[in-house]
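Alright, structures below, take your time with them.
Look at the two complexes coming up: subunit A is in both, with subunit B in one and subunit C in the other.
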Partner chain A sequence: MSIIFVSLILLPNLSIIVQFFSESNDNWTHIKEHMLSTYITNSIILILFVGVFTALIGTSLAWLISAYDFPLRGFFKWGLILPLAIPPYIGAYTYHGMLNYTGVIQTTLRNQFEITVNQQYFNIMNMPGAIFIFVMFLFPYVFTITKAFLARQSTSLIENARILGSSSWRIYFKVVLPITRASIVAGVSLVILEVLNDYGVVKYYGIQTFTTAIFQTWFGLGDLNSAIKLSGTLMVIILGLLILERVLRGRKRFSFTTTKVKLLKPVPLKGRNKWLAFSYCMGIFSLAFILPLLQLIYWALLTYEKFLSNELFSVIGNTVFVAFFAATIITVMAIVISNFSRLHRGLTAKLFPKITILGYSIPGAVIAVGIVTLFISIDELIYSWGWTSSYILSTSVVMLIFAYIVRYLAVAYNSVESGFERIGTNFTEASRMLGNSVTQSFFKIDLKLIRGAIFGGFILAFIDILKELPLTLILRPFNFETLATNAFNYATNEMIHEAAIPSILIIIISAVAIYFFHYVLERE
Partner chain B sequence: MSKKILFFSSIVLILLFLTACGGNESSSNEDELNLYTSRHYDIDDELYQQFEDETGIKVNVIEGSADELIERMKREGEQTADLFYTSDAGRLHRAKEQDLLQSVESDKLNENIPKKLSDEDQEWFGLTKRARVIVYHKDRVDPSELSTYEDLATSKWQDRVLIRSSENIYNQSLLASFIELNGRDEANEWAEGIVDNMARDPQGGDRDQAKGVVAGEGDIAVMNTYYLGGMLNSADDEEVKVAEQLDVFFPNQDTTGTHVNVSGIAVTKHAKNKENAIELIEFLSSDDVQKQFASANYEYPVNPNVEPAETLKQWGDFKEQDINLSILGENNADAVKIFNEVNWK
Partner chain C sequence: MFVHIRDLHYKYPNAEELTIDQFNLTINKGGITTILGESGSGKSTLLRLIAGLEMPTKGNIMVGDDCMCSHSKFVQPENRGIGMVFQDYALFPHMTVKENIQFGLLKWSRKEKKTRLQEVLELVNLEGYDKRYPYELSGGQQQRVALARALAPKPKLLLFDEPFSNLDADLQIKIREELRKILKTTGVTSIFVTHDQEDAQALADNIVILRDGKITDTGTPDEIFGTDCDISERLAVKPRVLSKL
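Up next, the complex of A and B:
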């Protein structure tokens, strides 16, 4: 089964891989000479800083919330996932909207206090600004995955450290960081892939990254082949990095072995520390969620009349339907593949997981080309057999849902895998020895143990699809709008006020989903 | 295992069901039209609705970026949309070059749309027009200082020019027109000069350039007319205030004329409903509809019988570049290369 799944993912990428080995043309020298070196440097700087900051913020928040008790902790548990609901490019537009010359801050200063400020201090459209945007709207990837790990992992390590008198900082650096390494890597690699894929933020902020090079080559030079070559290079680099991490991690595994899975008991914080922890969480939450949301609501109030139509409901319906449907399939596939890879030895078992990443590491627009090619040829085949009177797959939502699967399998997979990593194989082996089959043990034992990770994976995939762009834009059937395409269309036309309503709806739907799953998990 | 099998067979069934629902829509129905567009304006949707009300022909739409849609049409071969609609002549030309469009004969279109704003072989037709102009701060710049685009590259404008990144198609088309009018070498020098004169690294969209001028980061900006029109009529008072401090200058009036570009539409080579498709184009170029275009979006109508919106009329008439707009597409790749060579971000 997992072989079928993996080959499904591989198929659309094949046409890309084939192009990769095609001969290079004149443009290629131009690209190498004028684009690559600065663009690659920029990409590396971006990835490095975003990676480090999301890791620090994500794990520290997860640690605080798992290990300590302080005001609003119960809310932050799920509230800190909410920034994920804001697509980074919307965040980028919103922050620029707040800070620029006609934004709320500068106009207040100008009109109320007659202060005109130096534009440089309020300019967010540069490298540090882009890093800030990515960190704020992507850190929940690390937060969610690490939190799921900390919540159920063997409490004994941390409690022992506490008993032995280690300070909180010491525990964080000496115990928490090392044992959560797998989750951090899982989370950060999602963040990095998301950053490498982004075109909206860097394009608007005028930062030239590797992705810019890909699209300049395609749209500017009209040379899709070279663009695909560039994506292929990116793909290889990413795979290399991921494999390198695996090798470096080596045999270090921190799965628990006892049957007594205790929940980590949060220690109540007192006095100054209590408020410090609270302010830290609240500060991040405000920057990453409340402030942009307020700005969006203000814009929405300027333009809401335009949107009160029935069409909006069909758009909401479309969005939720495809996201839910695709996320479900993705989650099931993630479970099957990671279960296979976990229980089998050998090259294929180790290679499969990496293949799921492929779809996530190539810019969406490029995958879209591969998928259209695939579906057109399937359709031609079906058509030539006389089963149908016209092309049916490539003109329906099936193509889009398939594309989502290719793209976001990695998201759910990473979460599920870190769940499996946590429980190891001991329980399954025990169950097998007691005479259960692999499938039986899976349903009886594993599924129950990693339920949290599965839900986590599902939410991440669901939200990602809600806000997905390039694929939806190009692969959707006629008259099929989603909230994300709606928001994007307005934003790219510099009509940010009009983009506010669909953006807010994306945020609300994601928030409901996040809260619902949080509720389900808490009840267990 | 049986549970799993049940689960997957149900998924397959649902997929088949979805296919059945979705598949019908694009079949060649008599009273339907399939349109790929890269324009995202509310007025467009309203006009398609009007067209349906008048003729009973429903317009099915997929929006996307122009190049992605071109690629999709290429891959789809004979099973593709009837019409392709996008906001840059260069892109239309690219579709034509790839043999995706077909020539259309229509007296109405010849009457409504000036030859210069359409393809030589009638493969695409301009529907709305925009000019890329110089916008200056009323207090800080005396319009007598301004003359041509070429002048902006001289040392007089050191650190005073705001313009967005070279990744933007409007800049690419602007440079493409200079390659045609002044030759590649001069175009190259111009781009180099502008890079030297930039008040800051390119960032943001056209509206951001206007705001940058008012905020004092530079004195002049190069931008499309409809963005300033949109700001003057914005729901946000602060944007209106900014726009009111600015004025429009149409460059090169004594020489080659101001750069214009169009949004244009084309019938695809494999269109199933050619008649309907032509009917829609004729509808969109009619006096009535052109008037709506002009007032909703601050673009110039292509139809000479129709006057532009009040905001645009105040800026007055101007002389346009006298080149066929297909040139913009032909020179696009060269323009991009020049931008990269002079390191225009």
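Up next, the complex of A and C:
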């Protein structure tokens, strides 16, 4: 069964590779000669700056919160994950709306202080602006991974360094940064994959990247062939990055032992330092969560009357339904596959996890290209057998759900796998020695012991699907709207105020889910 | 002969040399056999083979009148009727002592389960502890629950993998004697793995010395260690044993 699951994930990617080598047309030659270098340069600049800044902000916050005690620390522990609830594209148009000529900041300056500012300083719709947006709404990836690592792996090292008399800065640079390298790299890779996957921010800010190019050639020029070639090129770049990640992470992989978990005891900060630490956390939290949320709430108050209609409820219904349904399938598949690779030795068992990760690394637009080609050929096949009178699969929500599964299986898989890793195989063996078959043991013992990890995986997949934009834009059936597409369409049509309500709904649902996730983790 | 192991071979898929090499063993009904060997000699692997958690590359295992494993047959661990006490006990953390002990009593009626629970709790001296969770017990108590859980389904054969390695020395000596008494009362045949000579000597009817997966010596404790009482003296005058370990 797990073999079937895994091949399902491989298929769309394979279909891109196959078509990548088909004959090229004029568009592709044009793109290759004039545009490709722009896409590559823009993508690299984005990745580079966003990577460096998320690493700096993410690790420094994680270190402050793990090692020191200062006002509101308990809240920041999970509050600083909250910016993940705001999809970057929503952040992008919110900030634009705040900063532009008619936005709240310039209006206030003009009306209250009679200052008219140079528009140049307040234009966020450019490369630095996009970098700012990505950093603010993606740094929590680095923050959470590094914090989890610091919390359970490094206690004795850091305590030793303290006993040996190192100062805080010295510990940070000589001990914390080196030992957390693996988790920083892991976090930053997630950030980079998100940046490459993004369509909303770069489209809105008018930056040419691979994803915007795929959309343009495919829908603007109607040229699927060139879109496939762009996707193939992007896949090569991503494979390169994944290999780089392996190298950067290094040979040392710190594994943690369940028995020796000791929590780092935070040192209370005093005087000026206390308030410095607090202001740093509060500053980031305001920029990345409070300010955009307040702005959205204000807009929502202006427009809510328009929305109290059945349409909004059907959009909410759609979104929650597909997210819930897909996340459930994903979680079940994650359990089946990780249980398989846990109990079996050999090559297939080792390869499975790698393949599920592949789906997560490939940007949504690329997966969409693969899935559409795949589904259309299946539909043609069914049609030619005379079973149906029209294309059914490629026009239904099945295709969208399938795409979510391909892309987000890894999210749930990672969580479930780490749960299995923690319990090992001892309990299963003990249960079998007491007369229970593998299946019985699985339901009576393993499933119960990793409940938290399963629930965590489900929530993460659910949030990701809720926010997903590029896949949904391309693959949704006609007239099928989710909160994400709804918000994005309003924003791109210069109806920023109207975009506020669906955006806030996404943020609230995600924030609640994130809180639950944090709660489950803390309890374990 | 109650347990009969013939010509057992095993190699881990990613290992180069045989982990278990031509292992032969017979045990009488009710006997306690200790397998003594240093770390990495293959003791745990051997137990896992007997339990059915690993499949041997070659060899036969008979327990009672049943063939557990030969070139044409492999009985799954859950159907072998063999009990095992794990090195780290592997008590299910989400179940109480009662639920842990009754976990293996699959086809028993409610009443039988209840009686059996009382019987084994009495046997290991833990009456009244049935509602506790594993983390609410001391190391020695956990160890006894693990024993009770393994004994409850009345296994034909009981395996122990270094059951004392997590206990401090005083407790170890006390529990060791208790264990021998319990095993002899119930009359269960058992195999006991350790790297500790004193354990082996105090518990065993028979000792097998294992080195690099091969048997290098077998016999009663007296045959192996001699009859002297003082163990340190014996170790000094018996270089034969030391060189083997």
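The definition used in the following text is that the second predicted complex is superposed on the first by the 366 of 524 C-alpha atoms of A that agree within 3 Å, B and C clash if a C-alpha of one lies under 4 Å from a C-alpha of the other, contacts with A are read in each partner's own complex, and residues count from 1 in each chain.
What we mean here is this: contacts are C-beta pairs under 8 Å (C-beta built on N, C-alpha and C of every residue); 3 or more make two chains touch, one makes a residue touch a chain.
In this text, all values refer to a predicted model and were calculated from it rather than measured experimentally.
S.K.: Determine, under the contact definition given at the top, whether A:Ile382 touches first (subunit B), second (subunit C), both, or neither.
M.R.: neither
S.K.: Should A:Leu294 be classified as contacting the first partner (subunit B), the second (subunit C), both, or neither?
M.R.: neither
S.K.: Examine A:Phe219 and indicate which partner it touches, taking first as subunit B and second as subunit C; both and neither are also allowed.
M.R.: first
S.K.: Counting only touches as set out at the top, which of subunit B and subunit C does A:Ser431 meet: first, second, both, neither?
M.R.: In the superposed model, A:Ser431 contacts subunit C only, not subunit B.
S.K.: Looking at A:Ile508, would you say it contacts subunit B, subunit C, both, or neither? Reply first, second, both or neither.
M.R.: The answer is neither, since A:Ile508 touches no partner chain.
S.K.: Can you tell me whether subunit B or subunit C touches more residues on subunit A?
M.R.: Residues of subunit A touched, subunit B against subunit C: more for B.
S.K.: By the touch definition above, which subunit A residues appear in both interfaces, subunit B in one complex and subunit C in the other?
M.R.: The answer is that subunit A has no such residue.
S.K.: Given the complex with subunit A, which residues does subunit B contribute to the contact?
M.R.: Touching subunit A: residues 1, 3-4, 7, 11, 14-15, 18-23, 25-28, 34, 40-42, 60-65, 67-69, 71-72, 75-77, 79, 94, 164-165, 167, 169, 172, 201-208, 211-212, 214-217, 227, 230, 234-236, 238-239, 241-242, 332-333, 336-337, 340-341, 343, 345 of subunit B.
S.K.: For subunit C, which residues count as touching subunit A in their complex?
M.R.: Residues in contact with subunit A: 13, 51, 53, 76-79, 81-84, 86, 88, 90, 92-94, 103-104, 106, 149-150, 153.
S.K.: For subunit A, which residues count as touching subunit C in their complex?
M.R.: Checking each residue of subunit A against subunit C gives 345-346, 426-427, 429-437, 440, 444-445, 448-449.
S.K.: Spell out the part of subunit A that touches subunit B in their complex, as residue ranges.
M.R.: Touching subunit B from subunit A are residues 1, 30, 34-35, 96, 100-102, 107, 116, 119, 123, 125-126, 203-206, 208, 212, 215-216, 218-224, 302-303, 306, 325, 329, 332, 365, 368-369, 372-373, 376, 379, 388-398, 401, 439, 443, 470, 473-474, 476-480, 485, 489-490, 492-495, 497.
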